[in-house]
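Report on one structure; see the data block that follows.
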Amino acid sequence: MTFDRLPKARRSAALLGGAAVALALGAASAGAETIRWARVGDALTLDPHAQNEGPTHALNHHIYETLVGRATDGTLTPRLATEWGIHPDDDTIWVFELREGVTFHDGTPFEADDVVFSLERAMAETSDMKGLHGAVESVEAVDEHTVHVQMEGPAPLYVQNLTNTFIMNREWAEEHDVEEPQDFAGGEESYAVRNANGTGPYTVAERDPEVRTVLEYFGDHWAETPEVSEIIYTPIAEDATRVAALLSGEVDIVQDVPVQDIQRLQETDGITVETGPENRVIFFAYDMGSDELQTANVEGNPFADPLVREAMHLALDRDAIRQVVMRGQSLPTGVTMPPFVNGWTEELDEYPQPDYERAQELLAEAGYPDGFEVTLHTPNDRYLNDEAISQAYVGMLDRIGIDVNLVSQTRSLHFPLIQNRETDFYLLGWGVPTFDSQYIFDFLVHSTEGARGGWNGSRYSNPELDQKIEALATETDLEARNEMIAEIWAQVQEDRVFLPVHNQLLAYAMREGISLPVHPENQPSMTDVSFED
Amino acid sequence: MADALLRVEGLTRYFDVSKPWLNRVIEREERQFLTAVADVSFEIRRGETFALVGESGSGKSTIAKMIVGLLKPSHGRILFDDQAMTGTDGAAMRALRRRFQMIFQDPFASLNPRWHVGDIIAEPMVTFGLARGAEARREVARLLEVVGLSGSDAAKFPHEFSGGQRQRIAIARALSSRPEFIVCDEPTSALDVSVQAQILNLMRDLQDEFGLTYLFISHDLSVVRHMANRIGVLYLGRLAELADGKGLFTNPRHPYSRMLLDAVPDLEMSGRRRKPVEGEIPNPIDPPPGCAFHPRCPYADDRCRREIPQPVRRDGGEVACFGVEEGRI
Amino acid sequence: MARTDHETAAASTPRPPGRLYRAWDSDLAHAFRTSPVALVAGIVAVVIILAAALAPWIAPHDPFDPGSLVLMDGFTPPMTENEFTGNFYLLGTDDQGRDVFSAILYGARLSLFVGFSAVLFAMVLGVTLGLIAGYRGGWVDSLLMRIADVQLTFPSILIALLIFGVARGFIPPGYREAMAIWVLIVAIGLSDWVQYARVVRGATMVEKSKEYVQAARVIGAHPAKILARHILPNVMGPVLVIGTIGLALAIIAEATLSFLGVGVPPTQPSLGTLIRIGQGFLFSGEWWILLFPALALLALALSVNLLGDWLRDALNPRLR
Amino acid sequence: MAEPLLSVRDLVVEFPTRRGTLRAIDRISFDIREGEVLGMVGESGAGKSITGNAIIGLIEPPGRIAGGEILLKGTRIDDLPPEKMRRIRGRRIGMVFQDPLTSLNPLYTVAEQIIETIRTHLGVSEREARERAVALLDRVGIPAARRRIDDYPHHFSGGMRQRVVIALALCAEPELVIADEPTTALDVSVQAQIIDVLKEICAERGAAVMLITHDMGVIAETADRVAVLYAGRMAEIGPVRDVVQDAEHPYTRGLMGSIPTLTHAHDRLTQIPGAMPRLDNIPQGCAFNPRCPEAFDRCRVERPDPIGRGGGRRVACWLYDRAGVKEAGNG
Amino acid sequence: MLAYILRRLLQSVVVMMVVALVSFSLFRFVGDPVSTMLGQEATVADREALRERLGLNDPFVVQFADFVTRAVQGDFGISYRLQQPVTDLILSRLPATLELAAISGIFAFVLGLGLGVYTALKRRGWLSNAIMTASLIGVSLPTFLIGVLLIWIFAVELQWLPSFGRGEVVDLGWWRTGLLTPSGRASLVLPAVTLGLYQMTLIMRLVRAEMLEVLRADYIKFARARGLSDRAVNFGHALKNTLVPVITITGLQLGSIIAFAIITETVFQWPGVGALFINSVQFVDVPVMAAYLVLIALVFVVINLIVDLLYYVVDPRLRADRGAAGH
């Protein structure tokens, strides 16, 4: 009665007749496995510099490679660069030694010039990656396998910015007229959007955006041969459908597993779930800098009062959110920083237990014995259970008398509110691709000016702190730098600039017999997949 | 004439039945007009019953609607008690409107099914401010009795009455604004004969009692014969013949009048062999040239096919026929 | 009841039957009393509507009061005590610790409010425009009907989505939340007026030519009065039928909009929002979060639809 | 006397409603002889059309024949299974309805509708059916029948359509044609044409006609015999001249008197007071008794059955009951 | 006839222009495309520069004129999100939606017609009442829930049918069809049923109501009186006359099937234009949204036109060319 629902895997249909069969055959199949991989959204483009966005990078990591990679424990790993470091004579130059014997998919050998070309391309006006390379002055190929990157000043952490900057082939790009990422105003499609020529472990066999992408193992890849030889990648937007596809055996690995389904999936025969923390912290923030709030029913700005902020912290029951909303799939935290990040300490991570009475007292002390009314903005399709978290907090605030209107909307409406400073109180998640506190300070803590403070919806402005943050960028003495980071965090925590909630746990569900470790940036690589007997 | 209550002069009405503009351009067609009423003149004297007879498409209902103001004439004038009704507006028109009323053909459609009978009857008097409240209720009860119903019927809905009773209600409504002139558009054609007799008798009685003037429209010659003092015969929007009641039936002049009389079945069973009527009424959008009746007329000659005959006085009436004019018939 | 005797006595003496009795004795009422489907649907609809209307008085909890929610109560199964708090809930709780039973009552209340208001809005707009178009005819009619055509070009869901977008642009940020429900009503209503307008226009054109309207025109009654007093009552039959079914459709439309991410605030979930939320728990084991609201919606929409269906047949004299 | 073509015996037709069962036809009996024209008159609601529908077995449910029998040439047809009855309809009994505008399917040409009917009943070839159809249309007076036959109904005027309807009713050569108000919807000048065509063509083919109408004039001119119905009951039946000129039933008399005539103008018309009772409110005894100027006690209690009056006349009135209390009238 | 078509075409152009204007002016309110197009590291200046490049700072009239000028040439610009020409995107997604819409349309029409006729002919039967009641379930639950429930039953529990996607597809020129492979056909079943259920109910009810009306028409009675068989009366006469009004409504339904596909496609991850639209809404991909709305309007206009022409074919009364006037 079972219908043949697996013909998609054309090339290895026999293997996919059923997982059990494949497993029974044992390791004989290693190196010739097809993985059907589903997640919520597709890569937006194959052009590696056009979109600075997680799912896009995740797919492109299979096709293109970066100079350095990020291991599942958050550390840097060599990829196209075998060694890197700051030039011993000039702390404004980064030196990269490149891997030898690497070829692009079209057979062209990989050379330093390709790195120069790619970094320059990533810095182009139409590139979405240029923010990560703002401190680069020039790139130079010293020899075939050495590249020097000249920075505007000392940039001790620059290498951290390179984990998602992919290396393209100059000739291929020139041949297809894609020397720069696509300009939307141009009106023509760029060749690189649907075609790729990387050095990655897989080549693109078939690409139907948002429908299905088939990747095949690139036989000339420099690294060890992975167990997965073919990847069929399918985005499935609906949570229920995505889970259903795994339950019905139509896919092998599901990323973005809804938290409420994790336990049930774990209990389901033939399915395993792997979880791990994501390098992303979820927090609330409030406008503490303005004189007046836009949505409050009281004059002045209650959030400017430290007592109110403290009361709000005391009202947040992180354990309950973890327990109920996140079904245990979160790490509650007291700091707006994931544990992977440089600067994280256990002390900072500690969080207070809720104390509603004290919170109410504080509010009364601050002059709001009856509380006040304010609007909380939350996205409903960006983070794990984002809407439910906000909703739960609304209930908690209600208990201390703060009457919150919850506005829940899609990300494209939510984020502009923060960027344009149109919200008093909001939920935001912050990933830290550089794994360093500076990234957080730059965007969230520094006063809004120039390239810094773009996401500082708190309107927090502390000139002293701003100076320290700026100094971080050029401080090459790592110890001194870490001390500064600790100082800044101490101030941020004291001023309660943010109301941290938790770090998300990521969950990958897969059919039994497969293992895939969770990647902190949610960019799993199918080369990491292993099949067990 | 002094005693004319209503005068109609050169009344004409056409309807635009053209296809949409684009069709006309592409199919190269002219605008099309349907002439429902063409150059009709007559007068109705105070206290008389004037009848218009004709078959479907003859324009009799269109004339009725123009007289009561439901349609605007394309040309011509209507004078009610020497006051022009076209172009009059406001208070003067209101005062005029009170003085005439209309009774319709279908007693099932002419009463609003959602209204109480009392409200239906009271509507004209309330609209014209003649009575309201308790006074109106008393008046309604009186009117109901006048038309042979019971005062308590005011609380009922129309669907609780038979066709004849409904027509009585419609008559009561018509009387409620105390009009002088009532246009009766086929008032009995939807009724059974026995009920028709009741209604016709009632209308006669009311006419005597209130000194009413009737314009009586019908296709039924025997009813017209029974009711009318004078009769106008319409054919395709034009008056074919105008005669007093007796004259038309004893001595019809126009060939169409004769034909109509012939078509009435012979209830007396006199054994009279009727002349079979030829043909059907032409399409009014595309009427025949000349006298519209010529294709069916046994006396038609070339002139009839070319020219449109104008009414000519004959025996106190008027006839629009070249045959009669020329003495051929 | 003690009054029965008195009533029998009164009934034995002939007197004009009262309005109530006439309504009870009317063909429509009789048809209703003798149709099992209509009867059951009617009872179900009345029970749900009453329960929803009386939610603040009969619901054990107020799910719209976030302060009263205890997060730790979340995911309590039906008829069971919560493992942490020991609280008991008839139909269990959802992910926020909301009592599902109360949430259904309040949600149904909101859904019905949105549904009724949207239908009313569509009805008033559609009937008014339909009356005007049908009565005036000519260019007014052409214009209105062309607008209706354009509107029909857009499916209702899209229209509602677009109206939502516009509203977001026009309403100042501070008022958006308060206005959300009204925007929803307008969005659903605006996407729905055309069918009322079309039906009323057609019926008005028929009624307009009827003689009772001509009789009113003969005495010079004002067109507005003719439309309101004469024509309107006579075109309301089909309007009510569409309205009934429209109510069911509006409730479903609200649920669908909620699925598409626009709708009522999540802190005040409608029946549709509850289902949208519950849908996420289809595979997680917390079946009650989806099942009960879905059953409530099904019962409500089905009974209203059945009533509308029955009314359509009952009001059609040709099907008697 | 030869066996009648159609014989209706004590026909009862009932319509169940929630307020009780309505008797639309209450014990009506009459015969139609071969080739004769039987007129059936009565006011609306008297049961004329229902009688016609009962004969061809097309009473709308939930209405049903609740009693009596209908015999076609001695064979009962009221209890035939639907399929057998279908073979009689159109083939042996044709039917003409009132409104020619709605009697024809607007989506089919005249040819399609006639040929379909002919072939349903007469197993002839398409070509022959078409020839017959053309001939028939020609006969009923459609000019240029061969050309017009492929037109759609809306291409014809009302009078022409009624001719088409007559052709359709006659195309399988039935023995009886039931014409239900065939001229009511037509103009005066066309009415006579249609009646003439119907009468002539039936006479030619020897088909009997049951002519249902409310128009006494049409009956007087067309029918051989006439039956007068009142409130679902037979009031009077007899040769047309007798009934029209010398009605015996007080209702018939009142009816005749209430018709205005062309020949002389009366000041007032004779009128029957009141209105025909609704079917749910038929008085006890003679249905006509509340309106009858000559009613006496028996009329209010006992229902009169038609009483033979000689010469083929029967009258349902106690005035003519020889055994009755009061000897009256010209009996 | 020609004039008729021309008039409809003129009307259609007006409708399309209005739709374009309305949809275009609405996009300003769905969100800010720029913020979703740039990564989180982008600065205010970056956003402003992109805004300028995209012409979002131009006056509305200029933007609209530009949009219309390019739209009539079939150029809807580049998708902000997927960076491909919108026209290509839509064309590549359209076959999936059209196949889904067509199949569910056929499903809805055939079943709706059959059940409608059945319930009309057997008006008082218990089965008819059961069908009537059961069919209402289809309109008493939101489409998305029906879709999810079908997935749960037929894909997860029974594992008879796929839960998502189109299965294996075959390229026929630019048309990518799933109808030619077994998996493609199997994949079509659940979405088509989900999408068609609502329309099926509507069509069934419409057919039933119209059929009941027609069955009471004089010409049906006359057809029976002529002794035509039940089959000929019910199907030859009644059904054909029923179809005339049904065609119009069904045509409009087909249009809304395409629109309602938004939800079905989302639930079943069906790679059609509806899913594309919803993803675009989230991303404020204005060019795709605009093109989609114009496409929907176009589909409606075309369907309307076809329906009108069909009407012409079916109903001889509308073919005035042979003119009643002459006779």
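Letters A, B, C, D and E mark the chains in the order given here, with residues in each chain numbered from 1 onward.
Quick note on the criterion: contacts are C-beta pairs under 8 Å (C-beta built on N, C-alpha and C of every residue); 3 or more make two chains touch, one makes a residue touch a chain.
Please read all numbers here as calculations on a predicted model, not as lab measurements.
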{"item": "Chains touching both subunit A and subunit B, listed by label", "value": "C, E"}
{"item": "Between the pairs A-C and B-D, the one where more C-beta pairs touch", "value": "B-D"}
{"item": "Centroid distance [mean C-alpha coordinates] between subunit E and subunit B, Å", "value": "53"}
{"item": "Euclidean distance of C-alpha centroids - subunit A vs subunit D, Å", "value": "89"}
{"item": "Whole-Å gap between the CA centroids of subunit A and subunit E", "value": "38"}
{"item": "Residue numbers of subunit E (touch at least two other chains)", "value": "30, 148, 152, 156, 278, 281"}
{"item": "Residue list for subunit B, restricted to those that touch at least two other chains", "value": "none"}
{"item": "Per-residue overlap in subunit C, given as positions that touch at least 2 other chains", "value": "168, 279, 282-283"}
{"item": "Contact set on subunit A toward subunit E in their complex", "value": "1-5, 7-8, 10, 41, 44-45, 47, 50-53, 125, 128-132, 182-190, 193-194, 208-212, 234-238, 240-242, 244-245, 247-250, 381, 410-413, 415-416, 419-420, 431, 443, 448, 450-451, 454-455"}
{"item": "Contacting residues of subunit E [partner subunit C, same complex]", "value": "11, 14-15, 18-19, 22-23, 26-30, 129, 132-133, 136-137, 139-145, 148, 152, 156, 205, 209, 212-213, 216, 252, 255-256, 259-260, 262-263, 278, 281, 293, 296-297, 300-301"}
{"item": "Complex contacts: residues of subunit A adjacent to subunit C", "value": "239-240, 243-244, 247, 258, 260-261, 263-265, 294-295, 317, 320-321, 323-325, 375, 380-381, 385, 387-388, 391-392, 394-399, 404-410, 413, 422"}
{"item": "In the complex with subunit D, residue positions of subunit E that touch it", "value": "217-230, 232, 236-237, 240-241, 244, 314-317, 322, 324, 327"}
{"item": "Contacting residues of subunit D [partner subunit B, same complex]", "value": "43-44, 157, 159-160, 187-193, 195-196, 214-218, 220-221, 240-241, 244-245, 254-255, 257-263, 265-273, 275-276"}
